[in-house]
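Submitted below is the structure of interest, expressed as structure tokens.
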Amino acid sequence: MSHPSDPPRPDRRAPWRVTLGNIIFNNDTPGARLFDLALTLMILLSILLVMVESVGPVRARLGPQLRGAEGALTLLFALEFLLRLVTARRPTHYARSFFGIVDLLSVLPGLLSLLLPGAQAFQVVRALRLLRIFRILKLGRYLSEANIITSALRASAAKITVFLATVLTLVLIIGTLMYVVEGPANGYTSIPTSIYWAIVTITTVGYGDIAPKTGLGKFIASATMILGYGILAVPTGIVTVGLTQAHAQSQARRSCPACGEAGHEPAARFCKRCGEALPAAPEP
Amino acid sequence: MSHPSDPPRPDRRAPWRVTLGNIIFNNDTPGARLFDLALTLMILLSILLVMVESVGPVRARLGPQLRGAEGALTLLFALEFLLRLVTARRPTHYARSFFGIVDLLSVLPGLLSLLLPGAQAFQVVRALRLLRIFRILKLGRYLSEANIITSALRASAAKITVFLATVLTLVLIIGTLMYVVEGPANGYTSIPTSIYWAIVTITTVGYGDIAPKTGLGKFIASATMILGYGILAVPTGIVTVGLTQAHAQSQARRSCPACGEAGHEPAARFCKRCGEALPAAPEP
Amino acid sequence: MSHPSDPPRPDRRAPWRVTLGNIIFNNDTPGARLFDLALTLMILLSILLVMVESVGPVRARLGPQLRGAEGALTLLFALEFLLRLVTARRPTHYARSFFGIVDLLSVLPGLLSLLLPGAQAFQVVRALRLLRIFRILKLGRYLSEANIITSALRASAAKITVFLATVLTLVLIIGTLMYVVEGPANGYTSIPTSIYWAIVTITTVGYGDIAPKTGLGKFIASATMILGYGILAVPTGIVTVGLTQAHAQSQARRSCPACGEAGHEPAARFCKRCGEALPAAPEP
Amino acid sequence: MSHPSDPPRPDRRAPWRVTLGNIIFNNDTPGARLFDLALTLMILLSILLVMVESVGPVRARLGPQLRGAEGALTLLFALEFLLRLVTARRPTHYARSFFGIVDLLSVLPGLLSLLLPGAQAFQVVRALRLLRIFRILKLGRYLSEANIITSALRASAAKITVFLATVLTLVLIIGTLMYVVEGPANGYTSIPTSIYWAIVTITTVGYGDIAPKTGLGKFIASATMILGYGILAVPTGIVTVGLTQAHAQSQARRSCPACGEAGHEPAARFCKRCGEALPAAPEP
């Protein structure tokens, strides 16, 4: 995110790199929107391929076709990575950004298995290929609605941390208690396993792979559940208060540089009181 | 929903069609209320029939009686559909509306099995008959209280979409991770199955048909549960903020055409300040 | 609940009945508080007895003692019921009130098994005795804090009804769908059973006694869970908005009969502005 | 928590005890922060040791090393306890405080097994050692963010108590009902077990170790789940309202001793209106 007040740096890119960069990195021209749409479809297709290939019967019948499609997609994504590197205004800035690393990581395993065809059988390479799933995070670039949620969560981060620490402490104590009460004979084979059970219980997931057998164990489990039921309310309250405030602030954030009037709508471009041009809204 | 400002269209229906249409489509005369009550009872009875017939022992003993009752109900619903078609102010408008399609769909399979008696044994017709369950959606016509909830949800739709997309991404990544960590030997037979497990876990349903066996798998599962516990708070917060605003707006929505006074109660028909007739509240 | 504006009815009870009635029905004198405490302990003891007697090994060893204690408690509760009947200001009013019926119902089965000792072996009488559990509801008399929650829930009742109707409709449709998709072979033996599964799933309980086996079934189940996750937020939002308003109203409810000043604290007995005596707060 | 208005008591400790006490009990000098960091690491290490030792294979291979590390940690914690006792401004006040008792309890079992080496085989001593888990509660000393949550929960305590009592009553009635309906043959072996099942169900945990088999039982279970789904909203609403108010109050808590101006920010040290030094914020 670049602050609007940053002094403009001279752009030393060749014109074709500027044009291409606008298509690839922005999304406000028809060409850029087409590029985004094609990229989104490719990402979804690539995820679908990884998922479908993991199903035994499908892999047995369509193996070669799936591998062919994967190879083609990998080459396209590698080309996209190169183009981004070439046309970015600050290539090193992009390469070290979160999505730059995601782009590289999601291309590398595929390229490896293309360049070393004999290595395709290696289990390690197969596992690396699954990193491609991270490509879906790219879709997040296009979600500008996520900002208000993120800022609400960030404002509540300290409270949520305290809450999680409390839950972890509770789970540690309850898990240890149940290990002593129920013991390995009833499935609570170690303290880490008992803590796993306590987390399964306090979050109300309740697999049932481990369940208390003794009367005292059932009593402690019941108390744990009602406790979990009660404290489930705390993070919800925290986030609700945070969201209420984030919502109120998002209405009062931008102020007019001429008259100081605040409370402009997100889409407003001119001050509603004096008509002065408003500073651009920060990029999502 | 017809806007109050729509210009009135000349009504070309015969008088008996207007009278019958008022009984069938409105609910503010004794006749219309009786019709609604009878229809509601028929819908509930028809759903009960579908449910009861699926229970093996009941079907074995009361099969013919159930089929007879179904035939009678189907004829009555077909009659209702025809009457609606004939008496509607804009028949094509009704036929293409949501409830028009529901009415047709819930009658068609029954009619088919009545018209083709020999076909009653066909499995396809039996399955089609289950479509009758959609009739319950007709009951929604009478719920005017649902508006505030619907408008709150619509106002929060963008945030909820972002939230669901985030959850789906998480579930995709966690499912893939567990497929690699636990593998087919522990029940995680494919990535789709692992994603199914991740959804079962993050929504705190926790069937237990698939559960982690390895230590690392239990650790990832625990982190997933605590994550789900934390983000369960987000949609609640979103909807609460949306409901609070929908509630505030519903009090300030209508304004007087004469003096501009706003904040009239939903049931008010005249301006509380100057006595001017208020515009009709929008239809539910 | 008697409205403060009710005209006082002449009290025709003898003095000892008035005195005893004050002890039994009120809780603002030392004697009345002692009576309430003793009654509460008896109720809890009687519930404990019913629970403990249902545990096989305990019943085998302590059967006669438990039955003796139950007989004694039953006689005491019958005595209490008679005293209430005799000392109530309006005996028929008490006998037809909710707690009058609870008092009678919780005493009857015990009295029956005392009067008909040979009938103690009848299973029906044993089951009737369990009605005694309703006595615990008497404890609710002493909780005045419950009012704000109750009034919030009552204000949201229409919205909650709409919500429950929506959930029931969803569950009906999803259950029918799963009955068709999975079928009796996978445990979905009838539509009612499938609806039971849908409720288990959408409420995120997730026993796992029935779970989808086919791919399509798992897909529908996943959609159901995420749906349940999303709409779980709606009742919470409704109740939160209701509680916020109930809280605001409880501060502004009582107004001074002399100057009309509102917003008195719940415990205030005189107007904070003009000193006029305030109307009594409504009984809990 | 010492009130700012307490009259200062003369400090009779020797200078080295004052210096050491500042390091041990405060956390606002570099030395004190280093001490806190070391202590926190030791606590986490000790908890890790207890957890790891409970895993069978690890104990078999690394038993002596783990016991050696535990002995060393126990001695360090005993030393810390002694230092706190010696350097505290009011030693008896510390020894009787919550953390004084936690410090002693978490050291005692380890010391016992060190002093009585032959007793190490006793199961009781092994269990006592697990009390060390309470040491993690010491970490709570450093969380000042927990205050707003705690005060919100304290303000809602009465409402939450009423809510829990309602849930317990419901669970008692539903458990008894299911014991009668399903009976010991279907796993509901006693009323306490049935209540355990009702808690597992109403909190949406749903292990599935006990599940209804009969049609009527499934119907009651479904009603219980939907009930639990609905009332899950109540504590969330309570806590949200409580948090909203605690947040509003935390902004208006401190008032200036000179001009009475309220609403100072938590980090403010001087009145924003008249510049007077504000009273210190209460210790977390």
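Which chain is which? They are A, B, C and D, in the order written, and residues in each are numbered from 1.
Keep in mind that, in the parts below, contacts are C-beta pairs under 8 Å (C-beta built on N, C-alpha and C of every residue); 3 or more make two chains touch, one makes a residue touch a chain.
Not measured: the values here are computed from a predicted model.
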{"item": "Option in B-D, A-C or B-C whose residue-number contact pairs overlap C-D by over half", "value": "B-C"}
{"item": "Selected interface, A-D versus B-D, where C-beta contact pairs are more numerous", "value": "A-D"}
{"item": "Inter-centroid spacing, subunit D versus subunit A (mean Cα positions, whole Å)", "value": "31"}
{"item": "Whole-Å gap separating subunit B and subunit D, where each centre is the average of the chain's CA atoms", "value": "44"}
{"item": "Overlap residues in subunit B, where contacts from two or more other chains coincide", "value": "192, 195, 204-208, 232, 236, 238, 240, 244"}
{"item": "Subunit D partner contacts - residues on subunit A that touch it in the complex", "value": "158-159, 161-163, 165-166, 169, 172-173, 176, 179-180, 184, 189-192, 195, 201, 204-208, 211, 215, 218-219, 221-222, 225-226, 228-230, 232-234, 236-238, 240-241, 244"}
{"item": "Of all residues in subunit B, those that touch subunit D in their complex", "value": "204-208, 236, 240"}
{"item": "Interface residues, subunit B side, partner subunit C - complex", "value": "47, 50-51, 54-56, 127, 130, 133-134, 136-137, 139-140, 143, 145-146, 148-149, 152-153, 160, 164, 167-168, 192-193, 195-196, 199-200, 203-209, 232, 235-236, 238-240, 242-244, 247"}
